[in-house]
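In what follows, chain A forms one complex with chain B and a second complex with chain C.
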Partner chain A sequence: MKITPIIGLEVHVELKTKSKMFCNCSAEHFHVEPNTHTCPVCLGLPGALPVPNITACEWCVKLGLALGCTPNETSFFERKNYFYPDLAKGYQLTQYEKPFVINGKVKVGDQEVRINRAHMEEDTGKSVHISEYGQDLTLIDYNRCGVPLVEIVSEPDITSATMAKDYLLKMQQIIRYLGISDADIEKGSMRCEPTVNLKIEDNGEVFYTPLAEIKNVASLTGVQNAIEFEIKRQTEEFEKTREVKNSKNKTTRGWNAEKAQTFLQREKEGSADYRYFPEPDIPHMEFTPAQIEEIRISIPELPDQKIEKYKSVYSLNDYDSSVIATDQNFADIYETVVTPQNRNDKIKEFAKFVANLFLGAIKTHLNETGEELNQSKINPEYFLNLFDSVQKSEISSSAAKQVIVESYQTGTNPVEIAKDKGLIQVSDTGALEKMAQEVITANPKAVEDYKKNPMSIGFLIGQLMRLSKGSANPQMAKEILEKILNGN
Partner chain B sequence: MSASNKITPEELDHIAKLARIDLTDDEKKTYLPQLESVLEYLDILNKADTTNIKPTFRVNEQKNVFHQDEVKESFSQKDALSTATKTKDGYFEVVATIKK
Partner chain C sequence: MDLQNLSFKQTRHLLLDKQITAVEIANYFLARTKEIDPKIKAFITITEKEIIDQAQRIDEKIKKGEKLGKLAGAVMAVKDIFLTKGIQTTSSSQVLNGYIPQYSSSIYQKLIDEDVMIIGKTNTDPFAFGASTENSGYFTTKNPWNIEMVPGGSSGGSAAAVAADLCHFALGTDTGGSIRQPSSLCGVSGIKTTYGRNSRYGITAMASSFDCPGVFARDVEDIALVTEITAGLDPHDATTCDIEVPKYTENLKKINIKGLKIGLPKEYFTGSIDPEVKEKVLNAAKEFEKQGAILVDISLPSTDLGIAVYYILIPSEISANMARYDGIRFGQSVDGAPDIVSYYMQTRGKYMEPEVKRRILIGTYALSSGYYDAYYTKAAKVRTLIKNEFVEAFKNVDVILAPCSPTPAWKIGAKVNDPLQMYLADVYTVCINVAGVPGLALPCGFNNQNLPIGFQLIGNFFEEEKLFSLGHQFQQFTDYHQKRPQL
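Up next, the complex of A and B:
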């Protein structure tokens, strides 16, 4: 029996606009006094007129373009009708027939996930469930009701829990590069609903298990665990019942993180039950090609492009390139130090040198302090000085790691720090020869040993390093000692 | 929707469920024929030839009406809650939506 998971993801992203989607109430709702950011529009009071937020609409298009989507010429909002206390109007304003953008794709590792659409909608209020005198109650805060939300719907091209995680990380990265949302899964500004079923090949026959949409997943690990659980559950269920998918047996399952399992929530309402229809109070929206172009130009260089550039221009490896590109701030600062014009002929060595310092010593320091990389503490000139010193063997690579962190903290030139700490290596042949001669004269026994066993030169190198107070370049010390000893 | 303008009792229950209303048997007897007559009327509309006629979404031809992304004053919490049947600690209080 061969089992292939078929996974599609719906990702909701809360945009960080100042105001809500259809009114001018503040869109802030995290740790805000309940029901203090509401008005007739977001409370769904009779006669209120919703007016779309231009910034939110442009950001939705921007995200779509970054995902390789095509904008629809005309787009409009529709009402998705259902009754639930957190939805003040009794319908959600969303896009159904004509979303802002359609048909994109995202690279996930070596694979590609097709994007069906990205559309604009509004968030619901927040429910708080409490018990009082043995009675269960739900309390509603409408501050979040009407906050702009973009929903990105993928095609079911994802084939494992790990790939789903990678897709989400990629999505998060792109969204953060665009600066349109914090895309924080734990805080709820990015939410994910996987729809999972299995393709089962058994004795030359192919079966598809019923679709299950998973809700309430509140962390990246949760997404992975929920998908893993669902794959196992559906496999077992199929072995027991042999039930295959049809148009009526799609279900919605909740994720219980404590029990690490999904449970049946409700039979899924068919889309006919939502009775979608065009919102009559909001005129159609059309972006001209010039406006679309303007949005396209505002898209910064995205992680994939950066990785490509690091690999092709600077010959960085896959790993270094992706880690630098993970975070836009980090990548941008790296690029203020490494530019294609630096040290022309040695640009690749320089790029690798800086990458090692950024991803090694500096990143370790940042992890320890919990800080973000700070542009004002990075002086590109210092990196060039340090690189030149290492190239000339004045400073060892390990000393470079040591001084760069101190330079980052104090703003002092790392080469100066190396001088102060006596970390400058003596590579001056004359000075080294003089010291080597002295060491040889002072240690006749070691010289004898060397003649019998050349491997014993370590002792003499050690003596030379001691004499130089650690400043001799060990490689050169070894070469000069050998030259003198063998010449004798 | 089927061409038939009959509504089965199950369909009526389903519609009532979507609208979150409880109907007594008497009410069902009252509403079923009323809803069927609405469908009958739609049947008449459906007979109109709409080939080559663009759908009408709204009464005027406006497009691109947006608001700028600025924050303006909201209701006070007191005003926001003033029409609620029940409130608690600044929240709207409703019947529990999930069973614990």
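Up next, the complex of A and C:
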């Protein structure tokens, strides 16, 4: 029996616009006193009308373009009708038939996930269930009602829980690069609903298990675990019942993070009728080719492009390239240090040198302090100085790692720090010869050993390094010792 | 001083000449309303405190020599679907009984800012669903010309208030004829503006892509003045248009009737039209002809599809627009429902009027999956067809002249048990809403029972100026608008 998971993801991203989607209320709702960011429009009061937030619409198009989507010539909002107390108007404004953008794709590792669409909609309020005054009460906070959401719907091209996680990480990276959302799953500014079923090949026959949409997954590992659980559950269920997918047996399942399992929430999802129709309160929207172009130009260089550049121009390896590109701030600062203008002749060596410092010593330091990389503490000139010193063998690679962190903290030139700490290597032949003679004289036994076995020179080098208090250039020390001992 | 037969313009002169104070004007209209309204029941709420407060503010301004708003001295009635901050707004439905809005509708606020005085909130069919005010969750308004007759609707309360001289002008809305038809039945003038000309913000929505706020008055001059103030772009209503509002009042004589081509659509003069209505409306056309206009027979062939299109599209929009009346945040609601679904059903079941429920049901059905394409999509296509016929017609004629209603006012109760007959009362008005063009209703005579008859002038998009100019000139060579009912 061969099992291939078929996974599609619906990702909701809360945009960080100043105001809500259809009114001027602040879109801030995290830790805000309930019902203070509300007005007639987002409270759905009689007579109130929605006016679309143009910035939010542009950001939706921007995200679409970044995902390789094509903008629709004309888009419009539609009403999705259902009753729920936190849905003030009794319908949600969303896009159904004509979303802003369609048909994109995202690279996830070596694979590609097709994007069906990205559309604009509004968030609902929050229902809070409490027990007070001896009663079970439901309180509603409308602060979140009307906050702009972009929903990104993928095609079911994802084949594993890990790939789903990587897809989300990639989505998160792109969204953060665009600066349109915090895309924080834990805070709810990015939400994800996987739809999972399995393709099962058994004895030359192919079966598809019923679709299950998983809701309430509030973390990245949750997504991964929920999908893994669901794959296992559907496999077992299929073995038991042999039930296959049809148009009526799609279910909605919740995710219980504590028990690490999904549970049935709603059966027959296919029967819900939201009676979509075009929102008459908002005219159809059109972005002209010129406006689309303007949005396209505003898109920064994205992680994939950066990785490609690091690999082709700087000859960085895959791993280093993608780690640097993960975080836009980190990547941008890296690029202020490594620019093609700097050390044009040795750009690849320099790029690798800086990458090693960024990903090694500096990243370790940042992880320890929990800080973000700070542009003002990075002086590109210092990196050049340090690179030159290492190239000239004045400073060892290990000493470079040591001084760069101190330089980052204090703002002092790392080469100066190396001098102060006596980390400058002695590469002066005369001085080294003098020390070599001293070492040879003091260690006749080791000299004898060397004559029998040239490999044992290490001991003498060690002695020389000790004598120089570590400042001798080890390569030169070895060469000079050999020269004297070999008598030429 | 008897202010009854004075227009707003004349009243304002008296105020500015300090022959009368705003408080005296307010008191006159209050007293008259208290005397007359029990007979016709135009008002759901009489805003005694507000009108006196506003009058005192105006007198204070006059005393201090401060600049007065353009409507200082005017008394206005407001259809009870316009939200008025601090003043109960019921939409004539029990579901909003006692509802005091936290904000005001945009155009009401614009008028208040021009120092208008509000006398009260007028009765309508609930949420404007109806053609006679008989669907109101409170009571039926009576026609001032004959209190056994309906005033028309849905803005029947506003039309009756103007006809009975309880105010200088009144605000209404016209979704399928709700200004023009009651104007015609009550013998007053009324404008249905181009869709997008007047803001809908703060007016309880009926069918969002049809609703057109407008105004009733005795004469076109007052209508032009009020529209000049209310019209224009509203940042709170995305469907309002950024098209300059002409100075309607300065251009009332602008259009030359000589050589003007007036289209008479044959579909509006056939079928169930009352012979007297037909005669009076054609007489109005002949009045224009006497002044040099050219009458042109035209055809708007899809007219008979208007009612069908209208009664698919508007309930569809209504079914969603009514969803917010769930008893959660405002309005009346039931106690003791065991769960949220029962709470919704009991609240809406108890407080929504039968016509409200009927339209929610029709709309919900039309939008349901499996029916959507057959009803909503198809109706939307025919809507485009109807609109295009108007666009085509206006390539050949300057304005279109037609009746507003196939009959004069009918007896209260005559149609209440036959909703389809009631829907057909809109037959001459709905297509104008389906298309979105403006229509100005004007009185043009009486039938043998002394019931008023009116007609409408229909213009191309945003041609209110032309309609006001023609309507004003019509009222210079006729005096139907000056006739008063005996009350």
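Quick note on the criterion: the second predicted complex is superposed on the first by the 476 of 488 C-alpha atoms of A that agree within 3 Å, B and C clash if a C-alpha of one lies under 4 Å from a C-alpha of the other, contacts with A are read in each partner's own complex, and residues count from 1 in each chain.
Here is the rule we use: a contact is a pair of C-beta atoms (placed from the backbone, for glycine too) under 8 Å apart; a residue touches a chain by one contact, two chains touch by 3 or more.
The shown structure was predicted, so the numbers you read here are calculated from the model rather than taken from an experiment.
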Checklist entry - Which partner does A:Ser398 contact after superposing on A: first (chain B), second (chain C), both, neither? => result neither
Item to check | Partner chain(s) touched by A:Ser247 [first = chain B, second = chain C, both, neither] | outcome: neither
Next on the checklist: Looking at A:Thr441 after the superposition, I want to know if it touches chain B, chain C, both of them or none. Which is it: first, second, both, neither?
Outcome noted: neither
Next on the checklist: If we overlay the two complexes on their shared chain A, which of chain B and chain C does A:Pro85 touch? Say first, second, both or neither.
Outcome noted: both
Next on the checklist: I'd like to know which partner A:Asn203 touches here: chain B for first, chain C for second, both or neither.
Outcome noted: neither
Checklist outcome for this item: Larger residue footprint on chain A, choosing between chain B and chain C, goes to B
Checklist entry - A:Val51 contacts which: chain B (first), chain C (second), both, neither? => result both
Item to check | Overlap of chain C and chain B interfaces on chain A (superposed complexes) | outcome: 43, 51-52, 81, 83, 85, 140, 273, 275, 280-283
Checklist entry - Tell me, which parts of chain B touch chain A in their complex? => result 18-20, 57-58, 60, 62-72, 74-77, 80-81, 88-100
Next on the checklist: Considering only the defined contacts, which chain C positions touch chain A in the complex?
Outcome noted: 81-83, 89, 91, 96, 99, 101-103, 105, 200-205, 207-209, 235-239, 316-317, 319-320, 322-326, 328-330, 340-341, 344, 364, 367-369, 372, 376
Checklist outcome for this item: The residues of chain A that touch chain C in their complex are 40, 43-52, 79, 81, 83, 85, 88-91, 140, 273, 275-277, 280-283
Item to check | Contact footprint of chain B on chain A as seen in their complex | outcome: 17-19, 22-26, 33-39, 43, 51-57, 76, 81-86, 127-129, 131, 135-142, 273, 275, 278, 280-286
